[in-house]
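Lettered A, B and C in written order, each chain numbered from 1.
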Amino acid sequence: MKNPTLRGIDLVKRFGGVVALDGVNIEVPPRSVVMLIGPNGSGKTTLINVVSGYYLPDRGMVFLNGREITRLEPHERFGLGLVRTFQIPEPFKKLTVLENILLAARSHPGESAFKVIFRRSWRQYEEEIIEKAFRILELLNIDHIWDTRAYQLSGGQLKLLEIGRALMSDPMLLLMDEPVAGVNPVLAHNIMEHIVRLRDNLGISFLIVEHRLDIVLDYVDKVYAMHRGKIIAEGGPKRVIENPLVAEAYLGG
Amino acid sequence: MLPVTVLIDSLLYGNLITLMAIGLTLTYLTLKIPNFAHGDLAMVGVYSAYTVAVFLNINPYTLLPIAFLMGGLSALGTYILVYRPLFRKGASIVVMMVASIAVDIVIRSILQIYADIMSSTFNVYSRGFLFKDFSLNIYEVRLPGVLVISSLTVLAIIVSLYLFLSKTRFGIAMRAAIENPWLASSLGINVELVYGISWFIAGGITGLAGVFLPFRIPTNPDLGWLMLLSVFAASILGGLESLFGAIAGGYVVGFSEILGIYVLSSPPFGISTAYRPAIPFTILIITLLLAPRGITSVEWNKIATRLRRNV
Amino acid sequence: MFDIIRIVVDFAAFYAIYLMLSVSLELEYGETGISNFGKAMFFAAGAFTAGALVIRLAGPIAGLIISESELKLRSVYYSTLVSRYFAAHPGVALAILFLMLILGALFGAVLGYLASYPAIRLREDYLGITLIAASELVRVIGRNYDPLIGGTLGTAVPDPFAWLMGRQREIVVSTFMMIIALTSFIVTASLSRSPFGRLLRAVRDSETAAEALGKDVVKVRMKSLMIGSAIAGAAGVLYAFYMGFVHADDFNPIKTFIVWVMVIIGGSGNIWGAAIGTFVYLLIDRGIALVKHQFTLPFDINYVSYAVLGTLLVAVLMFRPEGLLPEKPLSTIPRKILKMRVKAQK
């Protein structure tokens, strides 16, 4: 049997007395878009942080394509193809939009302090990724602000920049924390369509945390619902949404 | 057997470092920046007391209030002129630190110029001066007056700070403003006023410490800067955010400097006493690397768990 | 009244040394965001290298028997003899000079590597305090451990340009120093506008995001500190040779602070800012030094110079925090080409 792209087993994370994750099991199959829903404080962002290496879990294990990655540093996980975005955008403030995107390119020879001396060794790669970066900017409709510095962007533009960096990084699995919150509906649909295209054409898997079910639900293959640090329902979008436990969690808070 | 004088010196030096560390911690609590101009406040205190003592020919101990006032006013002045405006503009920690080094250089240069004028124009011995002291004899042990007075001062400061911060309305408001400035200001507390007063008190306490210095150490305008890293070592040992931590840290540093160099300079080590400044630097570096939140912050439980897991 | 050539030549020498220091801090703080408050220590690493090694190394070549026990008291004497040998053997003198530059840079880099241990673990303020303390620790050791650089007496450093005389020598020395400084400037500037420089800035702006994009933040900061410290070490070697003497107390925190003043006045994040800031600082500092003999004041005018610089720095931080030359976006590919690319799509 083929390994799932991502598998989290029995993940537990406590903060002081608060149990943010309470034995979570999760699986993202290859070539799929999986969505994670749940009311505020249910542990979604904590789960993303554990999977991406920003928190060490108190218990449990994380596997990427069958390889255990529970204790790897975030940048090491990136090297294996696991990339994330942030709920509150984390731009490189003083750098331009284009530079922000370029930084997501994989294994740039020009980023080595030694190789960078020999301009010829990285110039061509740099031109290639600039071309690629512009294509991503065009897709997200922010190519006109390529030369603007990130601290001058609006909230929505920052969100798109965050997604742009993720797309630039050729991931195998992309964890996205609220990618379309605060983005206008037309663009939000464009982004989701592009995500589906990436899944179909490049075989990328997605784990998406999002509150805007109205927009996202149509595009996803599988949904996990969380409440108080536990998975309370999983399966096809329709099934999970109609699960009475889920409705109760949202209403009861 | 340790000579009693080493213990007396350690305690005295501990008193001085503690007073200055209380001040440093108090200012750190407000804006959360390490103030590199802190040592100079003690020098402002000592030079103002010295000036009055020389011209009116009176006992320096009676001038402690003047040192408090001048130290406090200088601290308040730098807060209003430099730190508050920068803080309002949202300057980064590094920018604030650089600014505080600039303030240190300015205050020190002014004191140097002042000392130059004192000696060239008024013929007053202005560098390397010492104060005359009295002494008490108790059970054949000769206690220097400065030890008695400085110990009483530390005790008085600790008690009054404790009463002020826990029993008075203003003290409680001050703690609130330090704990959570945003919440405090929404409760109607004037946070900037509270911070200003904290700076005044901190500068005052440090100014007091200054007056005790010339009873033991030949004093010149650079002395405050030279002692600063010892004071930082004390505050950081105490976690930088706890007044009582600063007191504990002050005595640890005081004793390890004086007692430490006494032990290290006698056989079998025989190290030169000139290495004494290396002791607080080493304490500082080791604390920051091993337990940057101070000794009280070490998570012993976690270390134990990790050890168990590795075994 | 003033010997203009002499003033210019002396200014150029100091400019070369401080340019290297400010460029190195620009790289570390301006680009990478590391609050290096221990610059004097890395500068000292180079100066101590030259101070400790030149006589010991060149002495035997010159046929001198150097007695370790007498070195402390007679360093000036030995140094004169070595200089005399250098006067007759320019090749050896230059070889020693370059060897010292390499060793100074190497020791600087090693210290930078050690300093990166706290630099990747501590918040900026704690790091600043740690590096100041470390820098003072190095100074106290240099001052008291006699075999290093003669302890409290300091040590003389032979003159590698002793084969030249008078004015000619002064000009060659300053030109040589400027060439080394400009080389460091060009290397740093080209690093700064490369993908590597972009990476440094990314780490400065958001460590979290850099980690998420696969950047090894720990390594990046380490590299930046090592490169910066190597440049500072080489500057220390030049300083030791130029002054002809090394004393530990010369490497006090004020030296560090001066470099910070230069970088902040010039504009951190912009390498040209470091060049301008260094120039402005030295202009004020040397200017005051030149005119100070014209006045009789009841106090030492050097203190006025420090007070003015401190005040100036606070004023810059308050009213023009971005400095004289603010940071600008740098691109690896000329911006014109990029702009054409955007237009072509429209």
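Methods note: a residue touches a chain if its C-beta (ideal position, glycine included) is under 8 Å from a C-beta of that chain, and two chains touch if they have at least 3 such contacts.
These figures come from a predicted structure and were not determined experimentally.
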So how do the chains connect up here, line, ring, star, complete, or something else (other)? line
From the centre of subunit B, which chain's CA centre is farthest? A
For which chain is the distance between its Cα centroid and the global protein Cα centroid smallest? C
Inter-centroid spacing, subunit B versus subunit A (mean Cα positions, whole Å): 49
Separation of the C-alpha centres, subunit B versus subunit C, in whole Å, is 32
Could you state the distance in Å from the CA-based centre of subunit A to that of subunit C? 44
Subunit C-touching residues of subunit B, taken from the complex the two chains share: 33-34, 82, 85-86, 89, 91-95, 97-99, 101-106, 108-110, 112-113, 116-117, 120-121, 229, 232-233, 236, 272, 274-275, 277-278, 280-282, 284-285, 288-289, 292
Across the complex, what residues on subunit C touch subunit A? 191, 194-196, 198-199, 201-202, 204-206, 208-217, 223, 227, 269, 327, 329, 331-333, 335, 338-339, 341-342, 345
Parts of subunit A lying in touch with subunit C, wherever the complex brings them together: 52, 54, 73-75, 78-79, 83-86, 90-96, 98-99, 102-104, 106, 108, 110-113, 116, 119, 122, 126-127, 130, 134, 138, 143-144, 146-147, 149-150, 165, 169
Once bound in the complex, which stretches of subunit C touch subunit B? 29, 35, 37, 117-118, 121-126, 128-130, 132-134, 136-137, 140-141, 143-144, 253-254, 257, 260-261, 264, 298-300, 303-304, 306-307, 309-311, 313-314, 317-318, 321
